Structures are given as C-alpha cells and as structure tokens.
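Next up: some structures, all given as structure tokens.
In what follows, chain A forms one complex with chain B and a second complex with chain C.
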Partner chain A sequence: MKRRSLTLPINRVEGDLEISVDISNNVVVKAQVAGTMFRGFEQMMSGRGLLDGLVITPRICGICSTSHLYAAALALDQLHQAEVPDNAIRMRNLTHIAEHIQSDLRHVILMFAVDFAHPSYNKRSFFAEAERCYTPLQGESAISTIKATRQVLEIVAIIGGQWPHSSFMVPGGIVSTPNSADLRKCRQLLEEVVHWYEKQILGGPLSEWQKLKTADELKSWCVDPAHKEGDLARIIRIAEDLQLDRGEATHGFISGGALPLPATEMSNSRSHLFGAGHWQAGRLKDLDLSRISEQLTSSYYRSNSGALDSLFLDKTIPDAEKEKAYSWVKSPRYADQPVETSPLAELLCAGHPLICSWIAEKGVSPLARELARLLRPAELLPAALRWIKETNPKDSFYIEPAPCEAGRGLGIVQASRGMLGHWLEVRDGLIDNYQMITPTSWNASPRDERGMAGPMEQALLGARVDNPDHPLELGHIVRSFDPCLVCAVHSLHKGNRNTLRLGA
Partner chain B sequence: MTRVICIGHPLLAEDQAGQQLYQRWQKLQFGEEVELIEGGLQGLNLLRFFEDCERVILVDNVCDYLAEPGIIHLRGEQIQAAVSRHFDHSAGLAYLLALLPNLLEEIPEIELIGIEGEVTESLAAEATDQLLLLLGGRSAA
Partner chain C sequence: MALLNIESPHLPDLCRTLDIELLWHPSLSNSSAQEHLALLDRLRSCEQQLDILCVEGFVINGPNDSGRYDLFWNRPKKDLLLELAPLAQHLVAVGTCAAFGGVGNIGEIEASGLQFIAAEKGGLLGADFVAAGGYPVINLPGCPTHPSVVADLLTNLVDGDPLELNDLQAPQQWFDMLIHQGCLRNEYHEFRIEERQFGEPGCLFFHRGCRGPLTSGPCNKLLWNQRSSKTNVGVPCVGCTSPDFPQAYPFFETRNIADIPLELPAGVDRAHYLAYKGMAAAAAPERLKKRKKLP
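== the complex of A and B ==
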C-alpha cells in the first residue's frame, strides 16, 4: 500500500488556508484543515464603547461586511431590547440580500467553476465548454457575471452610505431614511439582476423555475433545450461528469435563520424568510443556541472560563506554542458535534423542497453546496423586490432604544457562507467581551477534544485523488465550502502561501 | 474625468499609505474634473470607477521597488506587467486590472503612484507633488 502526504495551501480563498492530507491507494485517509493566520478582532473590542462593534466588525471582511454589521446590530438590539420598525427590517434585509447575490454568483462562477477549465481536464468532453465559459479572466460566464453583479452592491451604498464597511444599522433600526427615488433605484438595480439571472444562470424565467420542487424536475429542467445553456444546467452537467455529486459522509447542518420578517409577515410559526434549524440525517429539529460551544483542543488558544454560558464570557487568548494545536480556527460545536453551516444548510433547514429532494436522493456533495449558492438568489430576489415595494418612506426607520449600561446581546445572521454569531457582554456601558463565530469557523474547524474532525476535514476523508500531483478533486471539495479565513481566524505568514495552485 | 483611487488598509501599517494620503488630499481642491476616491481594499468592485473616465491614478503601497522609502510612478504597461494573474477570494485590484481589457470597451489611462515604506511628512509631500504634477497643476491647496 502506497501512502503519500500532501500539504496544499489553497488559493482563491479569503485568508490563508492549508490542507494536509494523507493519500493511500488514491484515497484520502487523513485530512487536516488549518487556518494559518491570527487576527485578533475580538481583543480589539474589549473596553470599547457599545456601538464600536458596528464600525469595527464590518471591517473583518471586505466581502461580507454587511453580515457582520447585521449581526452586531442584532446583538445590540437584543441588549437594548430595542423595537425595530418594519421599514428598518426591510432595509437591513435588502442590503444583506444585495451582498448575498453578488457573493453567491461570483463564488460559483469565478471561484468554483473556474477549476472546470483547468488544463488537467483538457481530455474531458466538457473541456471546450468549460474553457469557453469559465477560463479565468476571460470566460464568457465569468465576464458576464462580473458585469451583471458589479452594480448590485450600490444598493448598500444607497441605503447605507457606502459599501463595504458600512455602519448604517444601529440598535433600533437604521440611520438613513431612504426616499422614493432611493427605493426606485434599488428596485431598478435588482430588476436588472433578475433579468440577467434568468437568462445566464437559470436559462429560463423565474416564474417557471419557482414551480420546481423535486430533483427529478430539476433534471428535466436542465435537459430542456431552452435551459441547457444556462450556467445552472452546465455546472450540473460538468459536476456530474466529474462525480462531484457523489455523497460525502454526512455531518449535521445548522442554520441560524436568515432575514427576519417584518411584523406584517411574521407568524407564530415563521419569523425569518429561511427558518433556523438543525438538520441531521434527514431529520430537522429546532435550533437551540445554548447548545453552541467552542472547543480549543486543536486551536492555538488557551482554554477559558469553562462556564456554561462561556460564549459571553470567554476571552480569545492566543497561544502559538500550544502542543497538539494545528489551526488558528477554533472548533465550534453544536451539541458537541461538528456541523456544517452554509447556504446548503440554510436551505435544508428551511425545508426548501428542491434542495431537500436533491439531498434525499443524492446526498451531500460539492455539487449540492454549489446548487444551493446558485438557487438561493431565486428566493432572495423576489423577497428583496417585495420588501422594497412594501417600504413606505413616510414611516419610521428608527426607534430610539432605552439606554443600557450592562447586559448581554446575541446577534445571529446567515452570512453568505453560513451562520454568523456575535456574542456581546456589556459592563458599565462598555464592551466587556465580544465573541464571534463565523461560518468558516464551523466548516473549517479542526479536531475537537474527542478527536472529531471538522466538516471540511470530514468531507475530504474518503475522497478519491486520481493524480496526487494535481489533486483537483480536493480543490473542488474545499472550494465548495467557500472558505473565508479572514473571518474565521483570530500576523501574516510569509513563505509558502499559495505554492500549489488549483485552477487559477 | 480623472479619478484618483487611494488603496489600502487603515489598520495595517505596511498598507496604509493610500488611506493616509486620501485623508490628506481630501483637504485639497482638485476641481470638477478630478474625483478623489477611497478604494479601501476593494478590487473588482472598483470597476465602476474605471468606467466613464479618461484616466485613473491609483495610489497604493508598493514593495521592493525601491531600496529606500520613496515614491514611484508607473504607467499602464508597467502596471499590467507587475500584475499577478492569480487571484483570491475577494478578487482584488490585480484581478480587476487583469480583467479590464475583457470588461471595458474603452479603458482609461491607468497610472500608479506607488509608496515604498510608511508615509512620513516628507514622503507625503513628495507623493502630493507627484499627484499635482500628474494632474497638471489642477489643485489649489
């Protein structure tokens, strides 16, 4: 038996990610995923004013800064027990959706599908098509996606004054008061994206697409000559050819619930556009946020309070010399189990019929994750347009909350890559402690105290690698998680970064 | 229209020159034909600022161009030659510059004021002189 160890610094991720695998008989038998940077945003927060999280945390990431702003604002809403007017909820959601739309579509086309055009695939039947559409810097779909998604974030700038790193959400609402012209401009921008999305991605009208409920109906859609030139059908075709639809060992999934509904839409059974949940082996349960913990066994951090409510109390204390540690990412666990949080998790936990049907039939796979990214805009775009229509500029966008000098707040959102949480502890009117758990912390987490691998590590185990010198298969798997290490890790390493490039 | 786009990260010492110069240059009057923009760490999302203008002047830290702290001025082809064609998740400025020929029918003239080292008073003055020279004396301090 031939066993070989590889270390793969992965490019086209945000931040530094290093994958180490042992391959035996062309199968991955051991996988280790490591974040290689420490950032320390959580330390920056202690002792600061209450509102500083609204300014500092969006700067953690230039891609999902609105997600951090939203989580920070929700934590403050809870701390102040603030009442948030419906107008503000709609505008917060609208800007968050704008960020998701760009992120979802650029991820799939520019970051994932680009590997289909790798020269290693030049003997495959799909190569000419993949090269035409996804070649870096010039593929037709790549160029089209960049052009179509370049203006959607103007929505955040219109509502929030700037993007990225806007701070327009505050406890009790938003600080801007969009007028009719602002809303009209936002609607125009979204409608342009809808038209492009129908033509370029779905290959057909959204109204027809929304009728699909099962994996079989999706397959029929993709072979319909009217739709097969859409990127959705093309990516499914190529991914199936590469067997990226093969089921992985299944871990659980969690979603914190995406996009709170305005009071006019809320009901006893529905508080978010996509409901929160914990999905495990086909069973969906309610999400219990008190069951979230962080383990540090394999992370370069010192152990902490040990309190049951440790997320409010624990400090992030780096320890670069810690034995047995191999990652700057912590190990968040739900009920002591590793779980994936991602757009796939979001749609699964929300009971999205098409995604649930796909998973029931084919299992969890890199293609399933990409499908969720491609399909999520079909749900988000109509919701955003509806919320624009329902917003009355004459109504309030802000209700001043009561002052608060001490207490706790928790803000949970679904960021573009999955569940993001901000835990806030306040004393004497200042931030005493701030903890964040980002989507990539969940997905790229290292082994925990029981030795259980994180979701990305689990997904790599058992993967087949035809050519260990060019392990493209592993790149597909890792990229399907869309890892964003600038959020997940808590000094830059110079040296071996990106020494092995997959696809670019 | 000339757009001056200042690039950089305010919290990272080796990459904050563009931001620091942006703060200084905000106090200057450049006239209606010059637009000063804080580009932050954006890449692909700066595309709109390369549209509908004749010229873009990027202002950013550079590394290993000069042996000592100082200012360099690069033009289009020199910039393109220095641009990596590899790209990361956030599709940075280098990615945008490499893509421009495929995205725009008319590409503006692109120049770079590169700052080697941290911004000192003298380096800031030198960068300002360089900018004013490129703008042809359009500014009144």
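== the complex of A and C ==
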C-alpha cells in the first residue's frame, strides 16, 4: 500500500489555509485543515467605544464587510432594544444582497471555476471552453463577472457611501436618507444586473428559471441549447465531468435565517426571507441558538472560563505552543456536532425546492455548494427590487434608541458564506467583550474534544486523488466551502492578505 | 477585493495595457502550491525579475518576535517578506495595515507596517530601507486603499515617471489633500451647523467624530464605486488613512472642549478658530439653519 502525507497551502481562499492529508492508494484517509494565521481581533475590542464594532468588524474581511456591519448593528439593536424602521430594514437588506451577489459570483467564477482552466486539465474535452471562459483576468466569464459585480456594489455606495468598509448601519436604522433619485438609480443598476445574470449565468430568463422545482427540470434546462452558454450549465457540465457531483458522507447544516423582513411582511410563521433552521439528513428542525458552543481542543487558544457555556463571557487567549493544537480556527459545534453553514445550508434550511430535490437525489458535493451560489441571486434579485419599490423616502430611516450603558446583544446574519454571529457584552458604556463565530469557523473547524472532524475535513476524507503531486481534486473540495480564513481566525483587515507580486 | 472595482480601465485591461504580468495573487492566480513554490525559487535566484511587490496586511511579529502567529510552509511569513523585499524594484504597502500597522497596532500580535509603526519610521524593514528602484516603501494608506490610487501608482511606476512622496511616504498627488475637500456637507461646516442626530443634514465634525478635516486622502475627489463617499451619505470619516488608525477613543463621538473639538482641522490655530466659528454660526443663512440644503 502506498501511503504518503502532503501539506498544502491553499490560495484563492480568503486568508491563510493549509490542509494536510494522508493519501493511501490514491484515496485521502486522513485530513487536517488549519488556519495558519492569528491576528487577535477579539482582544482588540475590549475597552473600546460602544459603536466601535461598526467601524472595526467590517474591516475583518474585504469580501463580506457588510455582513459584519449588519451583525454588529443587530447586536447593538438588541442591546438598545431599538426599534428599527422598515425603510432601514429594506436598505440594510438591499446592500447586503448587493454584497452577496458580488461574493457568490466572484467566488464561483474567479475563485472556483478558474481551476478548470489549469493546464493540468489540458487533455480534457472541456479545457478549451474553460480556458476561454475562466483564465484569470482574461477569460470571458471572468471579465464579464468583474464588470457586473463592480456595478452591483455601486448600490452599496449610494446607500452606504462606499464598498467595502462603510459603517452606515447603526442601532436604530441607517445614517443615510436616500431620496427617490437615489432609489431610482439603485433600481436601474439592479435591473441591469438582472439582465446580465440572465444572460451570463442562467443562460435564460429569470421568469422561466423560477419555474424549475426539481433536479430533473434543472437537467433539462442545462441541456437546452438556449441555456448551454450560461455559466450555470457550463459549470455543471465540467464539474460532472470531474465527478465533483459525487456525494459526500454528510454532516448537518445550519442557517441563522437570512434577511429579516420589514414589519409589513412579517407573520407568526415568517420572520426572514430565508428562515433559520438545522437540517440533518433530509430533516429540518428549528435552530436553537443556545445549543451553540465553541471548543478549543485543537485550536491554539486557552479559555479563561474553562466552561464554554456562555459566548458572551468567553475570552480569547492565544497560545502558539499549545499541545495537540493545529489550527487558529476554533471548533464551534451545534448540539455538540460539527455542522456546515453556507449558501447551500441557507437554501436547504429554507426548503428551496430545487436545492432540496438536488440534494435528495445526488447528495452533498462540491458542485451542490457551487450550485447554491449560482442560483441564490435568482432569489435575492427580485426581493431587492421589491424592497427598493416599497421604500418611501418620506418615511424614517432611523429612530434614535434610548442610551444604554450595560447589557448584552447578539447579532446573527447569514453572511455570504453562511451564519455569522456577533456576541457583544457592554459595561459602563464601553465594550467589555466581543466574540464572533464566522461561517468558516464552522466549516474549517479542527477536531473537537471527541475527535470529531470539522465539515471540511470530513469532505476531504475519501476523496480520490489521481496525482498526489498535483492534487487538484483537493483544491476543488476545499474551495467549494469558499473558506474565509481572515474571518475565521478573527483577524483583521481585508481579505487578500498575502502578497501581490507583479512583474514584467 | 476593492481592486476589482476599478474602472476605466478595469483590472484585466489595466494589466493588459501596462503589460503587467501578474506573477501571483492570493485570490486571483490559479497556480498550484508547487508552482507557487517554484516561482519563489525563481525569484530568489533572480531568474524571474520582480518589478513591483505589493504587500497587503500588517506584518505579524508575535508571539515574542517569533512570527509564529502567521506562517507560510511552517515559516514565519515576515521572513519571506525580508527575503523578497530586496529583490523587488519597487515595494508598495497597499493599505493602512501594510503601511503603518493599522489595526494590528491595537492588538497583541506585535504587528508593524513595512517601514513604519504608526507614524514612527522603522517597521519590519527599518528606517533606511530603499528598494532597488530608488524609492523607500511606497505607502498607499486607506482601509481599503482607493482602487484608483493603486491603479494610478502602478501606471506611474510602469511609465517610470518621477514620484513625489510626502513625509509618510505616500504619493503627494493623492495624499496631500484632505477628505474634507469636496465633502457635500462643506457649507454646513463653514457655518457650523452641526449634525446631532443621525440622518439630519449637517456637519459631522463637531459632534459625530468626523475626521475629514484632519485626514488626508482623495475619497471626496475620486468618490467610491463611482458613486459617493461615507461623509456624503452621513457616515463620519474614521480617519482610515492616518498612521494612528484606529484611534484610541470611541468612533462616532467628537472630543470637545467648550463645545469646540479638541482636535481642530489640520494646521488651524485654536483662538482664531473659536472666533471664526462663533462669527460663522451667527452669519449662517436660514436655508442652512433650517437644514433645507441636502447633503
């Protein structure tokens, strides 16, 4: 039996990630996923001003800064028991959607599909097409995606001043007061993006796409000559050729609920556009936030409380020499189980018919994760257009909350990569403690005290590697989680943290 | 990611028209780990020329100056930086963290910038470092750096035109101006009509902690995403291009003495400012007092 060990740094993820695998007879038999950088975000927050999370946490990440801002604002809303006007909820959601569309499509086209254009695949039948579409900074789809995602972000600037790293959401609403001309411009930009998305990604009209409910109907869509040139059909074709649709042994999935509804749309049964939930093997249950815990067995941290029963009180203490530790990522667990959170989790927990049908038939796979990102904009774009239309600029965007000197607030959002939580504890008008659990903490978590591997580690187990010198398969699997290590290790600063080398 | 937002030309066209070969970028390259290591070897042996090395993020020196908080192939990444810096014709610190340490300065990770720690020269490479092309580390502060500033600097360096740097080693063209310049709330500032509640038309400097009159950078000249800026929509400038960013005291609040900010606009004399602002408030026209003018 031929067995060998590999350690590989993985690029095209946000931040610093290394995977170590043991390969036996071309199959991964052991996998470790490690965040290799610590930047100590949580300690930075203690003693800072009450609103400082709105300025500092967005800067953790250059790709999902609006998600951090939103979570920070929700934690402050809860602390203040603030009333948030519907206009503000709509504008927060609109900007969040703009960021999601940017993140989903940049990830799929620029960071995932780009691997299909790697020279190692030059003997495969799809290579010419992949090279034409996905070559870095040159492929047709890549250039088109750069232009369209740049445009959708103009919406965040109109409402929030800039993307990334604005601080326009505050407890009680948003600081800006967009007028009807601003809203019209947002609508026009979005309508152009819808047109682009139909042509470039779906390969057909949104109104037709929305009729698809099953995996079989999706298959028919993809082979229809009218839709074949869309990136969605192309990526499914290539991924199936590479067997990236092969099901993995599955863990559970969680979603914190995406995009809170304005009061006019709220009902007893519905509080978010995509409801929260915990999905396990086809069964959906309510999410119970009290069942979240963080374990530190394999992480380079000590806990000062010993017990992790309260995230509000837990402090982060780094220890680079800790025995048995191998990652700067912690191990969050739900009901003591490793779970995945992602756009796929979001749609599964919301009962999205097409995604549920696909998973029931084919199981969880790298392709399933990418598919969820490719089709999520089809749900988000109409909601964003509706919320623009419903916003009346004469109504309030902000209601000043009563002052608050002490207390707790929890903000949960579905960031582009999955569930993100900010736990805030305030004393004497200053931040006493700030804890965050990011999507990649869940997905890239190391082993816990019972030795249970994190979701990404589980997905790698059993993977086939044709050439251990160029284990492209492992890159596909890891990147399908769209890992954001800068967030997971609570580091600070924009995503592309490494060096950019340019040379003639 | 902000760099992907430049337009006219967009990033792919910029690289094409300047004939820049992007050797490696953590988010955009599709080279494998082995190819990346081989590239580093070619750079070390000078087989591959390195014209411009752009670095983002602060240098992590901790714990105890070991650099173990930030590893690449089990080696401190700061060692890789020390290796590559002398090989590059031009070394560019993109962002406040790479330039001055930024947010890293308030943590426990012993962060630094490439050639500064906050406003003090030194950092990883030392005060005397000069790259092969004749410039010290070129700082492009901002969180993030405005993408047009990055694009312009690359163009400037490729063209080989002279580059004027200020005391903080940032291009004078973009950083010898204030965020305040071009802010749509300027008239409110002139006549001292203050914003006291979010969303109200008014100047953010007196109570909302706006750093615009104290912070250098082109936000309101270039605008963001071709559309707007934080101060224009009512978000106070947080001073993200400054070497002391993030400030030690709370954001969204102005520290005042006798209702006048403790820190005045850059270079302004306190006594004169008091007299001027008193008169300006008295001279304010009704349309501003009634906050009829939209920012």
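Quick note on the criterion: the second predicted complex is superposed on the first by the 484 of 504 C-alpha atoms of A that agree within 3 Å, B and C clash if a C-alpha of one lies under 4 Å from a C-alpha of the other, contacts with A are read in each partner's own complex, and residues count from 1 in each chain.
We adopt the following convention: a contact is a pair of C-beta atoms (placed from the backbone, for glycine too) under 8 Å apart; a residue touches a chain by one contact, two chains touch by 3 or more.
Not measured: the values here are computed from a predicted model.
Colleague: Quick one: chain B and chain C on chain A, clash or fit?
Modeller: With chain A aligned, chain B runs into chain C, so clash.
Colleague: Tell me which partner A:Leu218 touches in the superposition: chain B (first), chain C (second), both or neither.
Modeller: Neither: A:Leu218 stays clear of chain B and chain C.
Colleague: Between chain B (first) and chain C (second), which does A:Arg150 come into contact with in this model arrangement: first, second, both, or neither?
Modeller: It touches chain B and chain C both.
Colleague: One more residue to check, A:Gly173. First (chain B), second (chain C), both or neither?
Modeller: second
Colleague: Of the two partners chain B and chain C, indicate the one touching more residues belonging to chain A.
Modeller: C
Colleague: With both complexes overlaid on chain A, does A:Thr36 touch chain B (first), chain C (second), both or neither?
Modeller: second
Colleague: By the touch definition at the top of the document, which applies to A:Pro164: first (chain B), second (chain C), both, or neither?
Modeller: both
Colleague: Just to be sure I read the superposition right, which of the two partners does A:Ile63 touch: chain B = first, chain C = second, or both, or neither?
Modeller: In the superposition, A:Ile63 contacts both chain B and chain C.
Colleague: With chain A superposed, which of the segments 3-11, 183-191 or 201-209 in chain C collides sterically with chain B?
Modeller: 3-11
Colleague: Both chain B and chain C touch chain A; at which residues?
Modeller: The answer is residues 11-12, 14, 59, 62-63, 106, 110-111, 136-138, 143, 146-147, 150, 153, 163-165, 498, 501, 504 of chain A.
Colleague: Write out the stretch or stretches of chain A touching chain C in their complex.
Modeller: Of all residues in chain A, those touching chain C are 7-12, 14, 16, 36-41, 43-44, 48-52, 54-56, 59, 62-63, 106, 110-111, 114-115, 117-118, 120, 136-138, 142-143, 146-147, 149-150, 153-154, 156-168, 170, 172-177, 179, 318, 320, 328, 396-398, 400, 430, 469-470, 472, 475, 492-504.
Colleague: Given the complex with chain B, which residues does chain A contribute to the contact?
Modeller: Touching chain B: residues 11-15, 59, 62-63, 106, 110-111, 136-138, 143, 146-147, 150-151, 153, 163-165, 482, 484, 498, 501, 504 of chain A.
Colleague: Tell me, which parts of chain C touch chain A in their complex?
Modeller: Checking each residue of chain C against chain A gives 1-2, 4-5, 7, 10-12, 15, 19-34, 36, 39, 43, 48-58, 60, 63, 66, 68-73, 77, 80-81, 84, 94-95, 97, 102-104, 106-109, 111, 143-144, 154, 158, 197-199, 219, 223-235, 238, 240, 246, 249-253, 294.
Colleague: Show which residues of chain B lie in contact with chain A when the two form their complex.
Modeller: Against chain A, chain B makes touches at 11, 40-42, 44-45, 47-48, 85-91, 95, 98-99, 102-103.
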